[in-house]
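Read through the structures below before going on.
Okay, so chain A shows up in both of these, paired with chain B first and chain C after.
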Partner chain A sequence: VAKTSLTSPPWPEAKLPDPVEEAKYHAEVVQKVNKMIATGQYGRLFAVVHFASKQWKITSEDLIMMDNVLEAECGDRIRMEKVLLVGADDFTLIGRPLLGKNLVRVEATVIEKTESWPKINMRFRKKHNYQRKKIITNPQTVLRINTIEIFPCLS
Partner chain B sequence: MVLLSAPRWLRSRLTDRFWRVQEVLKYARHFRGRKNRCYKLAVRSVRRAFVKSTKARREKKRFLRALWVTRIEAASLEHGLKYSAFINNLLKSQVELNRKMIADLAIYEPKTFKSLAALAQRRREEGFLAALGDGKEPEGIFSRIVHHY
Partner chain C sequence: RYVRQLQRLQLLFSPTAADARGARQFVEEAALDFAQRHPDVVLYVSPCAGRAPRLLAEYLNGTVREELIASKTSEEIVQLATKLAGQSGLDIIRIRKPFHTDNPSIQGQWHPLTNKPSALTVRGPRLQPQ
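What follows is the complex of A and B.
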């Protein structure tokens, strides 16, 4: 049968690379990255951390402000465990969805526990003589990220 | 003898009217026209400003999410992927970064974003191949397709 416009699908045919060769390549890359981490050939590390129901992109010497109360005194060291991504200049480690606790260590200190600036909440309905004004001050906590460390435990 | 009611020459007069007015006018100082000076006009403007700010706090979340989506779309188109394909395949590869983070990574960490786009592309191709299957027909079915051997 002659080839028409509908013999093959209109999208380009995608071919995956050979799984054996790919596995070898992957092992090589993992070993390289492990060596780089072990010898310490990275500059500044950044991490994406899930904390206080939000995701933050943090580096060392970073200040973070959360809109809630943390049950830790000022000056306490905190280890953040839910790390989604760690990256340096030459490599990134993407977690699916989280990275292991024996791979990354993010340390932070609680610096300040204050209230936010007084936000005004006003409700008004016209022609009904209805207005309510409320001043809200949310508690806030300020953290300083001390260090982000990675360990060569890749496999 | 004890006087139980106050005498008529004692009147209670408002003495801090100035400060009560200033409390409202201080929020109107940066407005345009007479509503930054005259109390009667300022009261209405300040009330509308407060109500608008409360409503805007809820809409800011929607607005920012739309902004992040636009940015992610632009960045993924630079790498040859549409936003829908990018996000869909990232979620299927169990990477749970939210749109704010992906937008920030696209701005400040271009190499990381490129690797995420490559991951999404690879997962997309694997999905297509899994969906297309082997190209063989299921057994026990009589069909009109002509096979050329």
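What follows is the complex of A and C.
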């Protein structure tokens, strides 16, 4: 069959590596990362956490504000599940979509439960003598992330 | 380690005025429970005639918040007091970002030259991908 401009795709053809070799390479990388975690060679950890219908990129000792009310009192320690990604300087652990609970541990404390600044909700229709004014204050909670820990139990 | 930001709560009310009825009921019934539930907040109760009943809250950074409690039931005053106890002394203004970090980048901040081959290997006009 004659070769036209559309026989092969315009991008260069990619050759996939051998599955056996790839499995060996994967196992080696996993062992290396496990050893690194076990010996504690990582510096600062960051994590991507799904919380209050939003995804946050958090490190230790940083503040996060929710626009809702949590059922925990001020000063309670909270463990966050639903961790999507954990990373350090040399390696990252990506979850599909979540990471296991025996791998990562993210702890936070509730610092403050306040209200937001007073927002004005006004409705006005011209020439109809219609205006309504309402002041809305949403309850907010402030959390401080205490620690992010990882445990060397990869596979 | 959690430190409550509320230092003290001063309750000013007058024993005779009609709109301080909720404050008087709060002092009789719920003030002890509130003080026991929040052991690190000091609660001062000072009756003084001829003044509108108010609740003064002082925080650790020096801000003072005054709330009027005239014609409020004692449950509302309890809710107000718990809300004040959970707040910190920062001003309630519009905050621009709901997060705050001291170390925003760990693996190095991205700039347009990351993940690109260095200039030593590329020379001459740009090679088109085949």
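The rule we apply is simple: the second predicted complex is superposed on the first by the 146 of 155 C-alpha atoms of A that agree within 3 Å, B and C clash if a C-alpha of one lies under 4 Å from a C-alpha of the other, contacts with A are read in each partner's own complex, and residues count from 1 in each chain.
Following the convention adopted for this analysis, a contact is a pair of C-beta atoms (placed from the backbone, for glycine too) under 8 Å apart; a residue touches a chain by one contact, two chains touch by 3 or more.
In this text, all values refer to a predicted model and were calculated from it rather than measured experimentally.
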{"item": "Partner chain(s) touched by A:Gln31 [first = chain B, second = chain C, both, neither]", "value": "neither"}
{"item": "First (chain B), second (chain C), both or neither touched by A:Thr147", "value": "neither"}
{"item": "Contacts of A:Trp117 with chain B and chain C, given as first, second, both or neither", "value": "second"}
{"item": "First (chain B), second (chain C), both or neither touched by A:Cys74", "value": "second"}
{"item": "Touched partner set for A:Phe46, first chain B, second chain C, both or neither", "value": "both"}
{"item": "Partner chain in contact with A:Gly87 - chain B first, chain C second, else both or neither", "value": "both"}
{"item": "Partner chain in contact with A:Pro12 - chain B first, chain C second, else both or neither", "value": "second"}
{"item": "Chain C-contacting residues of chain A that also contact chain B", "value": "11, 46, 87, 89"}
{"item": "Chain C - residues contacting chain A, complex", "value": "2, 4-5, 83, 85-88, 92-95, 98-103, 106-107, 129-130"}
{"item": "Of chain B, residues touching chain A in the complex", "value": "47-48, 50-51, 53-54, 57, 93-98, 100-101, 104-105, 108-109, 111-112, 115-116, 119, 125-126, 128-129, 146, 148"}
{"item": "Touching residues on chain A, where the partner in the complex is chain B", "value": "1, 11, 14, 16, 46, 48, 55, 57, 84-85, 87, 89, 92, 94-97, 119-124, 131, 133"}
{"item": "Interface residues, chain A side, partner chain C - complex", "value": "11-12, 43-46, 56, 58-59, 61-67, 74-75, 87-89, 109, 111-118, 142"}
